[in-house]
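Input: structures, listed below.
In what follows, subunit A forms one complex with subunit B and a second complex with subunit C.
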Partner chain A sequence: MDYFDSLRAATPARLQIGRTGSRYKTKSYLDFRAAHAAANDAVMSEVSGETLQRLGLFEVRTKCKNKYEMLTRPDWGRCFSEETKAYLKQHATVGADVQIYCGDGLSAPSIAANVPDMLPMLRLALEQDGITVGKPFFVRYCRVNTAREIGPLLDAKVVCVLIGERPGLLTDESMSAYIVYKPHPEMSESAYTVVSNISRFGMPPVEAAAYIADVIREMLKQKASGLRLKL
Partner chain B sequence: MCSCALFFTEFCPTGDAQFQSKRMMQEMILSAGIDIGTTTTHLVVSRLGIQTTEAFGTVPRAQIASKEILYQSPVYFTPLLADGDIDGKAVAAILEREYKAAGLTPADLKSGAVIVTGESACKGNAAHVLQEISALAGSFVAAQAGSELESYLSGKGAGADRISAETGKRVANIDIGGGTTNISLFQDGECIDTCCLHIGGRLVKRVGKETAVSRPLAELITDRRLTIRNLENDRADLCRLCDLLAGYIFSALGFRDGDVPEMLVADHLLKPAAPPDILTFSGGVAACMKEQKPDFVYGDIGVLLGKAVKAQAEKCGCCVAVPPGDPIRATVIGAGQFSMEISGSTIEYADIRFPLKNLPCVCTLEQVGSEPCAICPTDFSAPTFSSVSALAEKIMQSSGKLLEKKIPLIVITQADCAKALGLCLKSRLPKRYPFLCADGVACKRGDYIDIGAPVAGGRAVPVVVKTLVFGG
Partner chain C sequence: MKLQTTLFGKPYTFHSVKEVLAKANEQKSGDTLAGIGAADAKERVAAKYVLADLTVEEVTNSPAVEYSEDAVTRIILDDLDRAQYEKIKGKTIGELRETILDNLITGDRILTLARGMSSEVIAALAKLMGNLDLMYVARKLHITATCNTTIGKPGTFAVRLQPNHPTDDVKGVTASLLEGLSYGAGDAVIGSNPAIDTLKSTSDILNLFNDVKTRLHIPTQICVLSHITTQLEALKAGVPMDLCFQSIAGSEKALASFGTDVDMLAEANELMRQYGTSKGPNYLYFETGQGSELSAGAHNGADQLVMESRCYGLARHYKPFLVNTVVGFIGPEYIYDSKELIRAALEDNFCGHMHGLPMGCDICYTNHMKADQNDCDSLLVMLASAGCHYVMGIPQSDDVMLMYQSTSYHDIAAVREMLGLSPIEPFREWLESYGIWENGRLGKNAGNPRIFL
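Showing the complex of A and B:
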C-alpha cells in the first residue's frame, strides 16, 4: 500500500481522487453527481406505506401537506392539527414510560435502513428492565420539535424521536435519535440528548439502539436529559 | 461531507456536528513492564492516560491517550541457579526492592506485562518463575512469553511503529539481546511480520576461567572451523564469528543473499519481501553500538557483535534511525505500554469479578466446552438485530456446560455490537447470571485473553490479548 492509499483508507472523504488539468476525473465527477442526487432524493422522497406496514407503524402527519411545506415552514413541521392529536390519543399509548416514534425528517431512506434494527432492540432492552414502551408510530413531514407536543399529549416520561438526518455525500440513510425527558412547548433545545450518525457506515443501528436504551434508563433515573444528564 | 444549501435547516445534525464541542476526561493507570531476559532483568513503570472523549451527538469513546515513563530500575543480571535455571526467588527479591524504590505496591499496578524473553523462555523453570512473581505483578499484570510477542513489543518500545506511521516507510526494528535477536517489521504503524534468531551477545561468554559457547553457535563454530577457547586470544576468530552472525541478520532482513542456518532460526524467518527502508536497533547489543566500549568489558561478544552489525549496516547502505531513549529498555517499555488495549465503548456486563485472567479464546461455537473461556466469534460482521439475536441464540445453545457449572459467559467480538449482543444474551440467561460482552478486540484461536476492571466510568474494559494476530 503506498502512502496515498493509506491516506485514502483512513477516511471515506474524497481525498487523493486525482485530476485532469484543473478538473475532476470523469469518474469522480459522476460519483459526486450521483451522491448529490441521492442526497436530494433522500430529502424529497416519501416513506412508502409498504415500508410502514412492514415496520408495523401507523401514520400521522404534521400540519405540513407536502415536502415543500415542510422545508419552507419549519413551524408547521413541529405541530399537529386538533384532529391528528385526537387520533393519536386514541390510537397511541397514553402514560408510557417511553414513547418512541419515527420521523422522515430530511431523509426518507433512513427509516427503512435503520428502524428495522432499532425498534426491536430498543423494546427488548427497555422491557427487560421493566420500562413500559408506548406503541411506536410514524410522523410524516416530521421535525424534531414535534417532541414538544407529543410528550405532553401522550403523557410520556421520555420521548425518543428517530429521525432522518440531513444527507451528506457519503450516505443518504443516516439517522439521529433525539431523546428528551418530559418535553414541553417551552423547553430549551439544550434538553435534548442526541445520538447521531446512526447507519451502517457509522454506528450500527442495532448497537446504537442498545446504547440509546442505556441513555433512556439513565434519564428515568436522573429525571433529566440533555446538558443536565450525567452519563 | 458537503451539505446542500438548498434546505432550510432548523435542527439538523450531520457528521460535522462532532466538531462542535468536545469534552475530555482522563484517568490515569499505572502499568509495569518486567523483562526477564537471557542476560538482564529490569522493570519500567509507566503511567497510561485513558481518555474519554465526549462530543455532541456521539457516543463517548475511551482510548489510551498518553504514555509516560515514571520509573526505570537499574538493569540487573538475571539471577541464575547453579544448574542454569532462573532463580525465581532472587528475581522476586529484585522486584520487591524496585517497587519500594519506586514507592509502589503491587496493588497500584492495574496493567502491564511480565515477559520472559530470549533464551530464558526456553529454560525449564520459566513457568515456575512467572508463578513465583505473579503475586508481585499486581492484579492485572499478565504473565506472558513467546518470541513473536517479544519481537512485536521490542519494536513498539523502540518506536519503530511510530517511525513507520510518520514516514510511510517500512521500518524494521532489530532487538539484539543476550541470547536472541528479535526482528519486527512495521508498515503504517502496524506490525506486519516478526522473526526471532538465536543470535545474541552472550552466546559466547566467560564463565570463571572457561569460555562457554551456547549450543546453536557451537555447531556453527565447528562448521566454519573457528577456534574459540579464550576471548582475548581468539579475538580474530570471534570477529569472524560476529561478522557471520551480523551477515545472517542482514540476510534475514533481505539485504543480502544467502540463507540463515536453520539452527539459528528460533521461530521462523520473515515472509519473503523487499528489504525494509529504515532500520532501528534496540537491545543490549544496540546499547554497545551507541558508544565505544572495550571489547570484552562484559566478558562476552556483545561489543564485537555490535561493531559487526554496525559495519554491516553501513556496508548494505541501510538507513538507520536512532529513536530517543535507552535501546536496552525497548522490550520492557513495549511490555509496559503496548500490551494493553481498550475495548469498544459500548459494552455490556453484569456480576463479573474482575480481573479475568488467561481465558483461552474459542472461535468456533462447537468448541465451547465446560472450562472457562472467552467466546470470540470471528466470522461475525455487519450486525443487524436478527443476526445479533441469532448469534446470541447460538451462543446459548453451545454454552450449556458452562451454564451448568455457573461459569461466567464471556463473549468478545470485533464488530461494534457488544451492547446489543450482551442485551440479547441477558434476556436469555438466568437472572443475575454473570456475563461480559465486549467488542473492538481482535483475537484468534490459540490466543489467551486477560480482562481488567472497567475504566472510563464503566464504559470500556482494558484487554490484553496474548500471542499475536499473525504468525503461528
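Showing the complex of A and C:
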C-alpha cells in the first residue's frame, strides 16, 4: 500500500476506477447503475409498523396520502390535519424543553439504520443535564418544515427532527438532524441548525447523538439556533 | 397594454404582466405547485402570443417585486444602461427575440444591448425561444472574467473540481483532489462543499487546497463553499482564499432565507479585494437554481424562470468570476423530470450569458427525481455546445457528501475531446507538463494521481 492508497482509503468516493480512453471500464459503469437502482428504490419504500414498534415510536402522518404526494407537495408534507394535531396533543408531551421526532423524509431505510443507536443516547445525554425531553414519535411522509407546526403545537423550546436524507449512491441510509429554537410558521430557513450525513458511512449515529446533545444545550443557553447560534 | 388574445376561437385574458410571464413559461412542476402556471397547453401558447406583443418598456416597468419593497429589484433597475434601454424600450419582446437571433448581429453587440435589458425582459425572451434558440444565442456571447486565470475564452471549457467528502476528512479530500487533477479537472476552481460549516473545517480545507496549489504550481483558484459569514471569518483570520462563495436568490426575502443580503455581498467583494489571495478583479462565486425562491416562500407570485433571471441581475452587479445554476438539485417539486431539467438548464445558461456572466452549470439530478445519468450525458453535450463556461468534475459523477449525481472527471475529458475544447490556457500547459493532456485529449498519465506525490 503506497501513500496514495492511504489517502484513497479515507474516502468512499469512486476513485481509482481506471478508464478506457476517457470512458469507464465496464464493471465500474455497471456498479454505478446498480447503486442508482438501489437509491431509487429507497425513496419509494415505506417504514414498516414493525420497525416503529421495535423503536417504541407511535405514528402520525402529514396531509400527504402517499409517496407521490410527498415528493411533489412540500406544502402538504409540512402540515397536519386538525384530528392529527389533536391526537398529538393528547399522546405526545406538551411543554418539554426539547421535542425530538423522526420522519421518513426521502429515505425509509435511514430510520431502522440510525435511530436505534442515536435516539436513546441523545435522550439520555439531555436528561442527565436535567433537560426535559418530550415523548418521541414518528411522522410518515414527513418534511423538515413539520417543525414549524410541531414546535408551537407541543410548546417545546427546541425541536429536533431526525429525518431520512435523499439517498445517494454510496448509501441509502443517511439521516439529517434539523434542530431549531422556538420554531414557528413564519421563521426563516436559516434558523435551522443542520447535522447531515449521519450514517455508518458518514458521521456515526452514536457520535451524532453526542454532538446534537451539545448543540441543543447551546441552543437552550443562547436561546437561538441556525445562523444566530455561535458554536 | 394589451393583455388578451384569441386562440382557436377562444378568448384569453390575463390580469398582469407577471401572470403573462408565468403562464408563458414552459412546464415546470414548481410553477404548478405555486398555482401560477398555465392551466393547459393552449393557455401557455396564448400567453406566449400576448408576451410577444408586449414592449420592453411594459415588461421593464413590471418587476416581479416592487422597487420600493425589494433590494434586488433596485439593483437590477438602477444598474440598467439607460442609453441602451432607450434604444430598445419601444420594441416588442417578439421583435427583440428576432434581433438577437439574427446571424448578422455580433455577440458583443447583443451583450451591449443586453445591458439595457432588465432580468424580467431577458426571462421574457427565453419564454419565446425553443431549446435550440437558447443554445444558439448563448454560444455567440463571449464573456471573460479573471481571478488568477481567465475563464471564458473561445474554445475553452472549464471544470470546477469538487472533491467533497462526507466528513471533510482532509486525507479523503486530498485523494479526490489529486485524482481530479490527473483527469484535467480544476481549471475553473478547486472548490469543495463542506459537510460541516465551521471556521475550522473551512480553514483546514482552504489550507490544504493552498498547499497543493502552491506545491504543484497549479494555475487556478481555490474556494470552500461554506456560508459567506464563515468564509469572511476565515479570510479575516488570514486563511488563503481566492474566491468567496455564496448561494443567491432573486428577491430580498429569499436572500434573507440564505442568511445574506446585498450589503453583505458588497462587503465580501471589498474584503476579497483587500485580503484575498487572488489577482482579480473578479473575486466572487455565486450559485443559483430555479425554485429556491418558491422554496423559501419568497417568489412573490412570479414564476421560477423570472426569479432565476433576477439572480443573474443581482449577480452582475458584483462582477463575479463564476456563476452556476445547480439545476437538478432542488428536487421534483420544482423540476420534475429530465425534460424540465434540460429546459431549465438551457434557460439558465441563456439568461446568465445575456446578463454578461461567466456562466456554468451543475448538470445534476437527485435520486428522487425522474432523471438519470443518460440525461446528464445529453445535457453536458448541449451545454458544451452552447458556450457554457464550466461544469462540475466529481469522481464517477457521484457526490458522496451532497448525495446527488453530476458530471464526472471522465465526462469532462470525453466532451472536451469530442468537441475540440481545451482547458483554460495556463492550466492546459500545466496538464501537458505532467502528460495528463496530449494532442487535445487525455494523455499517458491521465488518471494516475501518483505522479503528484
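By definition in this document, the second predicted complex is superposed on the first by the 217 of 231 C-alpha atoms of A that agree within 3 Å, B and C clash if a C-alpha of one lies under 4 Å from a C-alpha of the other, contacts with A are read in each partner's own complex, and residues count from 1 in each chain.
What we mean here is this: a contact is a pair of C-beta atoms (placed from the backbone, for glycine too) under 8 Å apart; a residue touches a chain by one contact, two chains touch by 3 or more.
Predicted model, so just to flag it, every value in this text is computed and none were measured.
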item: Which superposed partner A:Gln222 touches (first subunit B, second subunit C, both, neither); value: neither
item: Contacts of A:Ser188 with subunit B and subunit C, given as first, second, both or neither; value: second
item: Touching partner for A:Ala213 - first (subunit B), second (subunit C), both, neither; value: first
item: Which superposed partner A:Ser48 touches (first subunit B, second subunit C, both, neither); value: neither
item: Which of subunit B and subunit C A:Arg19 touches, first, second, both or neither; value: second
item: First (subunit B), second (subunit C), both or neither touched by A:Pro74; value: both
item: Subunit B versus subunit C as contact partner of A:Leu124, first or second or both or neither; value: first
item: Contacts of A:Asn66 with subunit B and subunit C, given as first, second, both or neither; value: neither
item: Touched partner set for A:Asn145, first subunit B, second subunit C, both or neither; value: first
item: Overlap of the subunit B and subunit C footprints on subunit A, listed as residue numbers; value: 2-3, 6, 13, 36, 39-40, 43, 71-72, 74, 106, 165-170, 174, 189, 196-197, 202-203, 231
item: Complex contacts: residues of subunit B adjacent to subunit A; value: 1-4, 6-15, 17-18, 54, 56-60, 168, 187-188, 346, 348, 382-385, 388, 415-420, 422-424, 426-427, 457
item: Partner subunit C, residues of subunit A touching it in the complex; value: 2-4, 6-8, 10-19, 21-24, 28, 32-33, 35-36, 39-40, 42-43, 71-75, 106, 165-170, 174, 188-190, 196-197, 201-203, 226-227, 231
item: Residue ranges of subunit A in contact with subunit B within the complex; value: 1-3, 6, 13, 36, 39-40, 43, 71-72, 74, 77, 105-106, 116-118, 120-121, 124-125, 128, 143-145, 165-170, 174, 176, 189, 194-197, 200, 202-211, 213-214, 231
item: Touching residues on subunit C, where the partner in the complex is subunit A; value: 29, 33, 163-167, 169, 171-176, 178-179, 195, 198, 227, 229, 256-259, 295-296, 331-333, 336, 366-368, 372-373, 395-405, 410, 413-414, 417, 441-442, 446-447, 449-450, 453
